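The same subunit A turns up in both complexes below, where it pairs with subunit B and then with subunit C.
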Partner chain A sequence: MKTEKTNIKAALTIATAALLGGNTVTHAETVSSNEDSNWEFDSAFLFYSEADRVSASEVILNAKKIFADDEILNLKLTIDALTGASANGAVAQPRVQTFTRPSGNGQYDIAPGDTPLDDTFHDTRVQLNGQWTQAVADNLTASGGVHISKEYDYLSLGVNGNVAIDFDRKNSTISLGFSHFQDTFTPEGGIPKPFASMLIGDSSAPTWDDEFAETRLGSEDDKTTTDLLLGFTQVINRRMITQFNYSYSMVDGYLTDPFKILSVVDDNGVAQDYVYESRPDSRAKQSIYAQSLYHFDTNVFDVSYRYMWDDWQITSHTIDSRFRIPLGDNFGRESYIQPHFRFYQQSAADFYQPFILNSEPLPAFASADYRIGEMTAFTIGLKYGMLVNHGHDLSFRLEYYRQTPTDAGFDEPGVLKKVDLYPTIDAVIAQVSYSF
Partner chain B sequence: MKHSRAVTLTKCQDGHSLNFHAMASPCEVIIQSTDPQLAIKLGNIIASEVWRIEDKYSRYDQNSICSVINNSAGQTVNIDEETYLLLNFAEQCYQLSDGLFDITSGILRKVWRFDGSDKLPTSTQVAKYLSYVGWRKVKFDQQQITLADGMEIDFGGIGKEYAVDRAIILAKQLTNLPILINLGGDLAVTRARLNNAPWQVAIEHPDIDSTKSNIDNNSSTADMIISLTSGALATSGDARRYLLNKGKRYGHVLNAKTGWPIENAPRSITVVAPACIQAGILATMALLQGDNAEQFLSEQEIKFWSRR
Partner chain C sequence: MNTVHKIKLALIVPLITIASGCTSLGVEPWERDLLAKDAMSLTSSPIDSALDDHIYFSKEASSGGKGFGGGGCGCN
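Showing the complex of A and B:
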C-alpha cells in the first residue's frame, strides 16, 4: 500500500516535468510557523585610521533569527582592537617635553612643536548585545535587550527595553525606550587625583612607586547611564517617512578621563606642570533628532539632523545625509552606490580649557580633552554594494573624516602663539560588509 | 463583474508589487528589487502569460480552445502541443487517482449547485449527467481530441496552478532576483528572499498540520504564516461551497465515479510541492480521499495543512 502511494508523488513529478519542462521542477522548501527559520548573518570588518594617531580594527558579527510569530532574536558580537597614540591633553611646547605613562611605568618624550600624544594606547574590546523583539498586541511591539562590553580596563553592563505603538493603520508609530548601563573603570595605574601633578622623574627609583601612589585615589571607579527615548515615526506618503526623537540621558559617577592631563603654563606660555583633569560627576544630555527618508522612483535620499545640548554647556549640530543610487540589475546582479556626507559642529564644555594659567586660581573642573572642546567635523564617503551568490549582500565603504578643533576664544600667551593648540585630525574609514 | 486587464505597480518595503486580475482572482507578483522598470517589465510578462492561458483554457470564454472542444458535438478538434501536454497531464492525474480526478466531471455542476441550501439533486438527475462523465471515453493524441457529444472538459482544476508554474519559468528567465507569484492563493516563489530570508505566506487557520507531530487544539484560530524559501503552495477546496440536507453536509468535491460528493472530505487542503500544479493536484487528490485525506498526504510524506 505504502509503495503504491509513494509512487503517486514520484509519478506526478514525472508528469509535471513532462508538462513544464524537465529542469523546472526542483524542490520545495518550507518552514511552517511552528518550526524555526534559519539564522541570518551580517558580518563587517571595519578599519579606522587617524593620521599619526589611533587606528582601530573592528569585526562585527550579527546573527538574527525570526521565529514563528515574528519574534526576533538578535545577537551581535563586536570585537575592536585599538592601537596608536592619543592626545594626552597637554599643549605643544618649543622644547622637548617628558610625560609619565598612565600606568606609572616609564616615561615618553615629545619633540618640540609636536602635540603631546601618548602612544601606549592599545586595547581590545569585546562586546555582546542580545535583543528580543516581539509583538505583544496587534499594534504594540515590545523589545528588551542586554549588553555586556569588556575591555582590559573597562566593564560595561546594560539593559534596555522599549515599546512601539502603531496607530492610524500603522502609518504612525510612537516608541518609548529606556536603557541603563553600569560601567566600571579599572585603569592601569589607578584613578588619578583631580588636579594632582603628574609625577615625572626616575621611575626606577625606589621611592617612585610610593610617590606615584600619592597621586592616585584608588584602583577603580564607576558610572551609571540612564537613557530615555521618545520617538515618533510618521509615514507621510508612499515615498516619504519621517521620524522625530527626543532623548534624555543622565550620566552619574566617574566621568573624568584618567589618561588626560592639562598643561599649567606661566605668563609666557611655558609649561610649569602637568595636572590630571577633573570633570563634574554628572552630566545630563538631551537631544532632538529628525530624520526623513524619501524614495524617488529609484533613488533613496536619507537626511537627518540632530541637536544635542547638555548641562556641561556643550551643544552640537549633526547633519547626516545618504543618497542611494541603484545601478540597475546587470546580469541579475543588483548593485548600488551610496554617497554619504556628514557635518558636525560642537561648542565647548564650560570647563574646557586648552591649558591652565598658573597666575589664575584653579577652577573647580577643567579638561583639555579636544573631544569636549569646540570643533567642526565632516565625513565624506562612498559605499558600493552589490548582491552576489544568490542575493548575499556585499558592500564596500570608504570614508574620509576630518575633525577641526577650533579656538573658543582663549588667549595664547607667549610661546603658545607659535605652536598649534588645535591640530586637525584626519582619518580614513574602510569597511567591508557581507550578509549571508 | 468584468475586470479590466491592467497591471498596477506598488512600491513595497524592499521591492515592488504588481497587481492584476485574472481567472476570477486577484493576482499579485512581488519582486524584491528596487528597480521599478524591471518590476513593470516582469508584471507585464507575467500578466500577459496568465491572461493568455485564461483566454485559451477558460470554459466561460466562447473563443477558448476549451469551449471549441466542448461545443464540438462529437467532432474531432485539432489541438496544439500545449493543449496536448495539459491533456496528457490530466490523463496522468486520472490514472494516479484511480479515476477520482476527472476533467470531464465538470458537467455535474449542472445538477449540483453548492449554494449553501438544502437542495439535493435526485439520483435520476445525477445518473443522467454521470453518463457524460468519463475520461476513458475521450480520445486524444498529439494532434487532436474527440469528445462524445454532450461531454465537456474543464481545465479549472489545473489551469490556475499551471499558470503559476508558467509564470515562474518566465520570471526566472528575466531575472534571478526573488519573486513571488500569487494567483488567487495558488502561489510559487523563484527562490528565497535576499539574505536567504523566507517568503511569509498567510493561509487560513488549519485544523491539522502535517508539520506538527500532534494537534494542538488550544492554538489560536488566526491565520497561519508559512515560510516558503522555494517551491509552490496550492489550496484545494472551498469551505463556502456546500449543501446541508437533514444535518448532513455535502461538500463541493464530487466523486467522478458516482457523481455524488465525497463524504467527510476536509473543507480545504493546502499542500506544498516543487511545482504549483503538483501541489494543486495533490491537494485535490487528497480531498477525493474523504476521511483519509490527511492519511493519504502523510503517507506521501507531503507537507500539508487541512481545514475540516
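Showing the complex of A and C:
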C-alpha cells in the first residue's frame, strides 16, 4: 500500500508539473506499473488578501488517471475570483485627486496623501488544463497538453510539449519543453491610446462618450508567448538531487496595462495631467534556475535560485527554500510541518518612471506600474500536513508576503517629497489542500 | 617541493577529487528509498506551486524558470 501510494504521488507530480510546464518528468522512473486505474484527486482552496487592496479566492481541482501502461491523463480545473483595489499608477498628492474609471463610466476620488487605487477591479476566471504523459521509448518520456483560460475581459489559449531523456541508470535526465500561448484582451472601456490624457469631467454630459472614444484605439488587442525550456536533472547520491534549467521566453503583442496611468507633474511635483501608460510590444526574457533537495536523517531541505533577465533591462534574483520536518505520530497521525522562506529582488524596467515631468519631452515608452519598478519582496510561511483516513492528505498553509518597492534614483520635486511614492504592500496567503 | 608546485597540487587535488566524484554520481536502483519519497520530488506539491506561480506572476516582473512562465491569464 505504501509503495502504491508513493507511485501514485510520483505520477501525480509528473503530470501536474508537466501541466505547469515543469520538466519533472524526471521522476517517471519512480512510477511502476499500476493496476489501480482509479482517479486520484488533489484539491485546494486559497485565499489571498492584501491590506486595503486586492483580495482573491482560488479553487483548484486536479484529477489524474494512470492507465495500465503508465500513461497519465491529468485534468485540472481552476476558478478564481478577484475583487478590490489596485494602484492605478498615479502618484499621491497633497490634495484630493479625481480619476475616471477604466470603463469611462464615472469617477472616483482619492484623499490627500493616499496612493491612488482604483477599487473597481473584479474578475472571475475559469481555467482548464489537460495533459497526457507517456513513455514513447526506453528512457524517453513525452508529454503534451492544452490550456484554456477565460475571464470577463481576457481569453488565453495554450499548448505545450515536453520530452525527457533518462540516462546513466536514470540518474541523469535531459528535458526539452515548448509552450505557446495566444491571448486576447478585451478590456472594459477599450484599449487606450498610449500617452492619451485621461478624460476627467462629467461622464453624463452628452459629449462625454465621443470625447472618451477619442482616447481609445479599439476594443481589443492580443499577445503571444512562446517559451522554450531546457533542463538537466542529476541524482547526486542517495540523499541529494539537483536540477538546472535554462529558459527563453518571447512575448509579442499588447504588453501594456490598459488600466495604468502616469501622473504628469510640474516642477513643484503637482499633477497637471494623467496619461495612459505605454510599453514596448515585445519582451524577451531569459532565466537560469537551479534547485537542490537534500534528505537529512528525517528532514528534507529544498532550495532553489533563479536569475532572470530581459530586454527591458529588468533583472531579478529569487531564492526559495522549504524545510520539511516530519512530526512522526506526535498528534496521533503521521504529520509534518514545513517552514517556507522566499526572497525576491528585481531592478526596474528601463522605461519605468514613477511620474512624468511636464518640463521634459515624452519618452518613447513609460510605465509607473510598481510591478516593473525596483522592488524587494519576501515571503515567510508555514505548512502543516497530515495523513488522514484512507491515506488521504490534508494540509494547511499560512504565509505572509511583503513587497517593498524602492526608489531607483528618481528625483522627487516639490510636494512629491512629502508623499509616499513607494508604498509597501502586505498580503496574507491562506490555503487548505486535500488529496483523495 | 617549491611553492608553485604546492599551489599546483592544491588546485589539482580537489579537481581530481571532483572529477572522480562525478564519475560516481548517482545511485543504483535499490538505493532510491529516500529519492522515491514525495518530499524528495522536485515539485513536491504541484498544487502549491500552481497557486504560488499565479500569485507571483501577477505581482512581480518575473515568472517561470522552474517551468514555463508563459501567459495564461490577464493578471499581469
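Some notes on this structure:
Rule of thumb we're sticking to: the second predicted complex is superposed on the first by the 397 of 436 C-alpha atoms of A that agree within 3 Å, B and C clash if a C-alpha of one lies under 4 Å from a C-alpha of the other, contacts with A are read in each partner's own complex, and residues count from 1 in each chain.
Heads up, the rule we're going with is that a residue touches a chain if its C-beta (ideal position, glycine included) is under 8 Å from a C-beta of that chain, and two chains touch if they have at least 3 such contacts.
Not measured: the values here are computed from a predicted model.
Judged by the touch definition given at the top, the superposed model places A:Ala377 against subunit C, while subunit B stays out of reach. Of the two partner chains placed by the overlay, only subunit B lies in contact with A:Phe436; subunit C stays clear of it.
Of the two partner chains, subunit B is the only one touched by A:Glu40; subunit C is not. Of the two partner chains placed by superposition, subunit B and subunit C are both touched by A:His295. The larger set of touched subunit A residues comes from C, when the choice is between subunit B and subunit C. Of the two partner chains, subunit B is the only one that A:Glu334 touches; subunit C does not reach it. Legend: residue contacts after superposition of the two complexes on their common chain; A:Leu387 is shown touching subunit B, with no touch to subunit C. With both structures placed on the common chain, the touch criterion links A:Thr233 to subunit C but leaves subunit B unconnected. The residues of subunit A shared by its contacts with subunit B and with subunit C are 6, 9, 12-13, 16, 19-21, 24, 26-27, 29-30, 238-239, 295, 300, 336. In the complex of the two chains, the subunit A residues touching subunit C come out as 6, 9-10, 12-13, 16-17, 19-24, 26-27, 29-30, 42-44, 46, 48, 58, 60, 62, 76, 78, 80, 82, 123, 125, 127, 147, 149, 151, 153-154, 156, 158, 160, 168-172, 177, 179-181, 183, 185, 223, 225-227, 229, 233-239, 241, 243, 245, 247, 249, 251, 285, 287-289, 291, 293, 295, 300, 302, 304, 306, 308, 314, 316, 318, 322, 324, 336, 344, 346, 349, 371-372, 375, 377, 383, 395, 397, 401, 403, 425, 429, 431, 433. Considering their complex, residues 25-29, 31-51, 53-56, 59-76 of subunit C touch subunit A. Across the interface of their complex, subunit B is touched by residues 1-2, 5-6, 8-9, 11-13, 15-16, 18-21, 24-35, 37-38, 40, 66, 68-70, 238-239, 295, 297-298, 300, 326, 328-329, 332, 334, 336, 387, 390-393, 435-436 of subunit A.
Those residues of subunit B whose C-beta lies close enough to touch subunit A in the complex are 10-11, 32-36, 38, 85-86, 88-89, 92-93, 96, 162, 165-166, 168-169, 175-178, 191-198, 209, 211-212, 224-233, 272-275, 277-279, 281-282, 285, 296, 299-303, 305.
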